[in-house]
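Letters A, B, C, D, E and F mark the chains as written, and numbering starts fresh at 1 in each.
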Amino acid sequence: MKKIALFPGSFDPFTKGHEDIVLRALNIFDEIVIAIGYNSQKKRYFETDFMLEKISSCFANYGNIKVDKYTELTAIYAHNHNAKYLLRGLRNTTDFEYENTIAMVNKDLYNGLETVFLITSPKFAFISSTIIREVHSYGGDVSRYIPYQL
Amino acid sequence: MKKIALFPGSFDPFTKGHEDIVLRALNIFDEIVIAIGYNSQKKRYFETDFMLEKISSCFANYGNIKVDKYTELTAIYAHNHNAKYLLRGLRNTTDFEYENTIAMVNKDLYNGLETVFLITSPKFAFISSTIIREVHSYGGDVSRYIPYQL
Amino acid sequence: MKKIALFPGSFDPFTKGHEDIVLRALNIFDEIVIAIGYNSQKKRYFETDFMLEKISSCFANYGNIKVDKYTELTAIYAHNHNAKYLLRGLRNTTDFEYENTIAMVNKDLYNGLETVFLITSPKFAFISSTIIREVHSYGGDVSRYIPYQL
Amino acid sequence: MKKIALFPGSFDPFTKGHEDIVLRALNIFDEIVIAIGYNSQKKRYFETDFMLEKISSCFANYGNIKVDKYTELTAIYAHNHNAKYLLRGLRNTTDFEYENTIAMVNKDLYNGLETVFLITSPKFAFISSTIIREVHSYGGDVSRYIPYQL
Amino acid sequence: MKKIALFPGSFDPFTKGHEDIVLRALNIFDEIVIAIGYNSQKKRYFETDFMLEKISSCFANYGNIKVDKYTELTAIYAHNHNAKYLLRGLRNTTDFEYENTIAMVNKDLYNGLETVFLITSPKFAFISSTIIREVHSYGGDVSRYIPYQL
Amino acid sequence: MKKIALFPGSFDPFTKGHEDIVLRALNIFDEIVIAIGYNSQKKRYFETDFMLEKISSCFANYGNIKVDKYTELTAIYAHNHNAKYLLRGLRNTTDFEYENTIAMVNKDLYNGLETVFLITSPKFAFISSTIIREVHSYGGDVSRYIPYQL
């Protein structure tokens, strides 16, 4: 059976750190679904559909990477798409504490949903979506932090 | 003199992790006051009075557990209710860093106010009010995480 | 060449912990620029100009401490003011993880911009602007936490 | 029933940080037993009996503080002395991670054994037995870090 | 090509926490090699061959779990056994910081060697080989912490 | 007055991470003294004098970098060499917690001794002396981690 991993996130925006995790995880899983979780109530900096298009353009040559958006609970989306694994990157201890609780809840909501972690490569570990939004909002150059052109 | 511990929080909502701390602390203190701190300016997910009623229902059989709400500084409320102890649970290092600063300020504001910590039992350590609100807002089942029925 | 360090922050409000860092750093650098970063979109608790005046009053006798406000990226401001160093205090591991990422981005945006860290003195380590705002908003006494009168 | 807390440690040496925890805990418990865990196989820097005498001298005026030494498992010692609580101080996140695992094992070995934590006062938080041994071995003055004379 | 993950460790002793990681990882990889790293210079508490036998007995019914011992660098062993993945469990932030550096060195020594992390299940997170050795050395019962009989 | 910073450590061995800190600190201080702390009782992996020579060779062209060895308390050595600053690198939160306590003791032992921290560059953050010794002892290639030839 095909091993499908779901890589969920708000990806506001998708960064080179995210790309690093996806490409490395390709050696572990048969298919990776990058899914943008969004919520019509919550304002984004980059629109969901704009980001969906940007991420898709990055992986256009990869038949085993799919890009999607979703608005339900991550565990439900994973279940509906036969993804038995969640894929997440860890950059530091703050990430670890946060991801630890999320992983436990997801396993609890959908028994057997296993979260698999890779540690973000050092050169990308300082890149966060929050910092990119901040730099971008001040007109700074963020092109080194994202794998596509804005 | 009766040893009264104040267990303050926003409890939005009160979780099984909170219940775990209260029940274990009953062996240490003579009376525990669970007090919901609220602020008319800040929007809650679960209404203060609704939560007050739910928490009260959990501990209806415990004569030494009181449930209340308050809107002043925690240290002031403790002082006014003769509580010489604050009770708090620790789940992980992020909690620790946060609680450390709060405990110092509370001791500073009301000399002698001592914060006593228990470490949340492992099986409840991943449960947070934030995650419950998130899951609940998507229609997920949160009944395993709370000690009452919604 | 004069060694100028920029001490950037929102300083909402400036605390005795901030003062501690500035005074200790005076032994390392020739000049320190305390710069209040603000953003017309983001609401502050204490007004930028009010805080600018308060901080200035603290260091009126120090010819080598300047106080300013800015609204651009920190790295750009540093570059425009010939500050080759950013000065930051570390209170705990949560600070460390946050400052680590900020320091890397700043070095990346302005090559050579070096962030220099001092660890906040223990007696001030629990003081945060967030807690001061909280205590102040409830009418609590915050005079012990700030080096000026409100 | 008397509430007895066991404060276990190797106390090699007992520090002002330890004293801080014991004195603050006196307001919570009826009796505190400071117990030096030792192991004839493991070499100490300060002899067990020497330290026992020094600690005893500190608390000679406290009828509700006892000092002892033990060589069995902490949980067994607690059980044999009717101590239903372990008392421990937390200085930082490294302490937290370590104490978390120890507390869980102790509760597991002796059902109901509850570890109660206080956060070490900031002015003592940097004092560790390890550092005192280091400073003392180089002939440095450690008198400010210990509540007795060597 | 078969996906082989190496689960390296000193396993002195192998715990239920280790077993948890291995069994969950079976859903990700085709084969898992549990390899006891040993060093003739370093004294163990449980002999390497004794532990090898105990671990083997746990997984006797799993054709895709192998147990071995090795004395070379982990990256070399992985390379020689066609394992492109290292498998490690994370219990807390102390583990995270340690494993982070080890993972980077292993990737550096053997390009492409990817370390995959699972977070240890909460109920096993407090179990460490160190604590088991400690409890066992005092004659305490450790049978709940290990998946075999001593 | 010349600003002299002491960079103390056991440097067993000195790494590219250490070199990174020294070279970056050259922009802050007028002179840096790299001092190998040793203890005739404690066995080293690389001999003190051998390492002293290797470090010296790295900085032969820098008139403002001195290399030395010492066996007294770091604070005493700093005092005797007119170094008013200690220089230390931070790689992660484990380093932070450790360095925090050391810095406080050093300031306490020699009033005014200020520890200045830089965060190790990400590409060197995983390099530790411990790991280098481990890899080297197994015959692995460590040349990428040290700024000299063994």
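Observations, loosely collected:
Here, contacts are C-beta pairs under 8 Å (C-beta built on N, C-alpha and C of every residue); 3 or more make two chains touch, one makes a residue touch a chain.
Because the structure is a prediction, the values reported are computed rather than measured.
Common neighbours of chain B and chain C, listed by label, are A, D. Note on B-C: its contact pairs, compared by residue number with those of C-D, A-C or B-D, agree for more than half at A-C. A turn of 120° superposes the CA atoms of chain E on those of chain F, with the angle given to the nearest 5.
Of all residue numbers seen at the chain B-chain D contact, over half occur in both copies; the interface is built from largely matching residues.
Centroid to centroid, with C-alpha atoms defining each point, chain C and chain F lie 29 Å apart. If each chain is reduced to the centroid of its CA atoms, chain D and chain F end up 33 Å from each other. Averaged C-alpha coordinates give centres for chain A and chain F that are 39 Å from one another. Annotation for chain E: residues 92-94, 97, 100, 104, 122, 125-126 touch two or more other chains. Interfaces, counted as pairs of touching chains, are A-B, A-C, A-E, A-F, B-C, B-D, B-E, C-D, C-F, D-E, D-F, E-F. Contact residues of chain A toward chain F in the complex are 92-93, 122-123, 125-126.
Residue ranges on chain B touching chain A, taken from their complex, read 92-94, 125-128, 131, 135, 138-141, 144.
On the chain C side of its complex with chain A, the touching residues are 72-73, 75-76, 93-94, 97-98, 100-102, 104-105, 108-109. Across the complex, chain C meets chain F through its residues 3, 24, 27-28, 84-85, 90, 93, 96-97, 99-100, 103-104, 114-119, 122.
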